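Chain nomenclature is as follows: A, B and C, assigned in order of appearance, with residue numbering initiated at 1 for each chain independently.
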Amino acid sequence: MKHKPRLPQGLLTTGSITLTVLVLFATLPGYASIYTVILLAAIFMYIVLTLSWSIFSGPTGYISLASAAFLGTGIYTSAIFGKMLPLPVVVGIGGLASFCLALLAGALTLRLKGIYFSMFTFGLVELIKHLMLWFEINLTGTRGRFVIVVDHITVYYVMLVLLALTILTAYAIRRSKFGLALQSIGEQEEAAAHTGVNVTLVKVSAFAISAFFVGATGAIMATRWTYIDPYIAFNYLFSFMPVLMAIFGGMGQLYGPIMGATVFAYLEEILITRFPYFYMLFFGIILIVSVLYLPNGLAGLIQGWQKRVWGARYVHP
Amino acid sequence: MSILEAEGITKHFGGLTALSGIGFHVDQGEILGLIGPNGAGKTTLFGLISAALPPDRGVIRFKGEVITGLKPHQVCRRGVARTFQSVKVFPNMSVLANVMVGSFFGRPNTVSAAAAEGESVELLEFVGLSAFAAIPARDLTLANQKMLEVARALATAPELLLLDELMAGLNPTEIGLAMDLVTRIRDRGITVFMIEHVMKAIMCVCERIMVLHHGEKIAEGTPKEIAASKTVVEVYLGESAYA
Amino acid sequence: MLVTFLDIVIAGLLLGGLYALIAMGLSLQYGVARVLNISHGEFIMLGALTTWAFYTAFDINPLAALAICGPLAFILGFIIHRTLYKRLLNSSGSLALFEGNSMLASFGLMFIVQNLALMFWGPEIRGYSYLAFPVDLAGAVFGANRLVTLGFAILIGLTFYFFLTRTRIGKAIRAAAQDPAAAGIMGVDINNVLAICFGLGAAMAAIAGMLISMSYPVHTGMGLEYTIIAIIVVVLGGLGSIPGSFIGGLLLGLIGSIVTYFEPGLALAAYYVIFILLLLVKPTGLMGKS
């Protein structure tokens, strides 16, 4: 009987590496430049967005373009409550607000299949943006809002905590019954339902969990922008970026989205101020190349390479 | 004692009547066969029992309780499992994981990972797929994918199993194995309700047969009675005359 | 009161004609080639800016630019389908997978086209004046250029309808939309038909862009907004139904005009409300088959 080799040793190694990296990051502001701290916080943000996106969309195959709606909800939470409440509470509310939005949107729409779901989520971002715009101009008489300023080190630490929580959640879901249910839905939704999986509940809760982290991220990263308006907060690029980063990195492995987000967030930092058009052009080319030639992303590439190096051990008939 | 009862089941698709006023019952512990020409409404009937579709009229009771109006996963957890006419395995998941989905989610109670794995391994052995536990389901042959669907359905601990053309597309040896499997499932105390086109199989395995034609029940009885029924023979001869 | 009403209706039809034109192109690309082309608006942008460039640099009449932009966009679209989407169609296991993949690829295309245009033209907002004299219509006054736009939309809609129903290639397209496999058996070169549809969609986008440039300011970032409107119209009319897109376009134009009359800031929000409600209640659209 050939069972898939499950190596507790490998798990141990991964665990200890993750721990070392976390400790390294936790002590980093002590010795690194403030520029590095700012850059890392931005990279963390993209990793959280990408990983959250892949928590739901990875196994189920539903391409969500709602990330910007969840991020924007967090951003607005920060703008509204930032002056009144302590920072951790604001971040929590940001996450919860997005969580609730996702519950509502998910309950309404997760019966839409394929491309209809993508279109709906995209429409959701634009709808909220335009409602906010109208609301701001006509009811509060403003165009945008100022957000409280938080120092870079604090932003960094909050992002680090959110990153750790997201990775932990994504990992836990992958290993759990819940993850198996999500995957079965992505593979054959009808069969999953008839095998006892409560497909609506599983989909909606995964969607909401992934939205939580995005909303919390919006709440903390809003302090970076100091001034926000609906166009900044609900920028559709924040819906597209996580999709691209996850596809580029590959969703078969946990490290795929992390890798994809890191590469692009870093590229963005170094390219966008000097060559903004080249950055976005490159972005488009990579997206097409990934869809065409890298169905399993960088992670798939690495796995393929490992297979060749380690021989045909994992290759099945 | 009957485990499943249905009264006045009607289902339309647009202007087309798929089932009109069907009533029937399935006895506890029997193997009931469902036959009829293509388009008779057999798969639709399974869809209604398993809650894939809502009936337009009529009521279905399982163990005396009304199950119409429930969701598919609820019907499954109550103890009605099914397989599909066109196989619907989880293609990229391992064969073992396919079955484990059933053990984890298909029951009213919670099952530990160890227990689910243990039972799934046992069920794979029961359907003869032990050797393939670790490979992705998409790499199985059609016959083996059908066996996997049976194992996955059994993992939900059903009291009633709906088999939708289990033997279609199988070769004679595989049909023999499948017939044996159906009997062994019944011997585990599970009631079987099966749609089948392979006449030899249905005549040998079933204790009772129900015949649908154009959405109506035209006959019901033991294999002998069905084989002797003039109406049934006409329906089938009528069909083969055109085929 | 009556004049105001007429005002609103005519303004709505003028806007709707444009929407219809934009949406028919997308509908063709999605309905037959199964590509939900997010880069549709970029072809509109290309048509608009090329027309602007021809007009300001060489003094070429915008309507004459049509003869250049249309065929160029067709060729571009045809080539994109033959290289990119055909390949994707072959590598994607199922139609659902292809729809997802092709949508993502079209996102990539959007970024590529838009940023190439930005490098070439920069982000400035541009405009020119052509046929901008007023015309009196039953007491309501409209720019002549907007009337030309509506005229063109109707003309192209009709031409297209006759093309689909009367010509051999048009019939092949309809056959392919109904059943790709059967069309293949009947001797239709399916890959050619799909590429032609994609090219025609691109050409219609470019023509719409040319018409837009006569009445509205244009810039390299204008595409996505039109893509979104096209998607809304296509969903409104039923994904893949070309007459549906035409009627849906006019309808959305009317709705926009009515909402703008009462509350100008809410026109776009109203579109999204309709879009979302429709997806929830009847995702197949007003004229779609379930």
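Simple rule for what comes next: a residue touches a chain if its C-beta (ideal position, glycine included) is under 8 Å from a C-beta of that chain, and two chains touch if they have at least 3 such contacts.
None of the values given here were measured: they were computed from a predicted structure.
Engineer: Taking every chain's C-alpha mean, which one sits closest to the mean of all protein C-alpha atoms?
Structural biologist: A
Engineer: Based on mean C-alpha positions, I'd like to know which chain lies farthest from chain A.
Structural biologist: Here the answer is chain B, farthest from chain A.
Engineer: Suppose each chain is reduced to the average of its Cα coordinates; what separation in Å results between chain B and chain C?
Structural biologist: Computed from C-alpha means, the inter-chain centre distance equals 48 Å.
Engineer: Measuring centre to centre with CA averages, how many angstrom lie between chain A and chain B?
Structural biologist: About 41 Å separates the centre of chain A from that of chain B.
Engineer: Per the centroid of Cα atoms for each chain, what is the distance between chain A and chain C, given in Å?
Structural biologist: That pair's centroid distance is 32 Å.
Engineer: Give me the residues of chain C that touch two or more other chains.
Structural biologist: Not one residue in chain C touches at least two other chains.
Engineer: Across the complex, what residues on chain C touch chain A?
Structural biologist: Checking each residue of chain C against chain A gives 36, 84, 87-88, 91, 96, 99-101, 103-105, 107-112, 114-116, 118-119, 224, 228, 231-232, 235, 263, 265-266, 268-269, 272-273, 275-276, 279-280, 283.
Engineer: Going by the contact rule set out above, which residues of chain A touch chain C in the complex?
Structural biologist: Those residues of chain A that touch chain C are 61, 63, 108-109, 112-116, 118-120, 122-124, 126-127, 130-131, 133-134, 137-138, 236, 240, 243-244, 247, 277-278, 280-281, 283-288, 291-292, 295.
Engineer: In the complex, go through chain A and note every residue touching chain B.
Structural biologist: Contacts found on chain A: 1-4, 177, 180-181, 183-184, 187-188, 190-200, 316-317.
Engineer: Mind listing the chain B positions that touch chain A in their complex?
Structural biologist: Residue positions touching the partner: 50, 52, 71-73, 76-77, 81-82, 84, 88-94, 97, 100-102, 104-107, 113, 130-131, 133-136, 139, 149, 152-153, 155-156.
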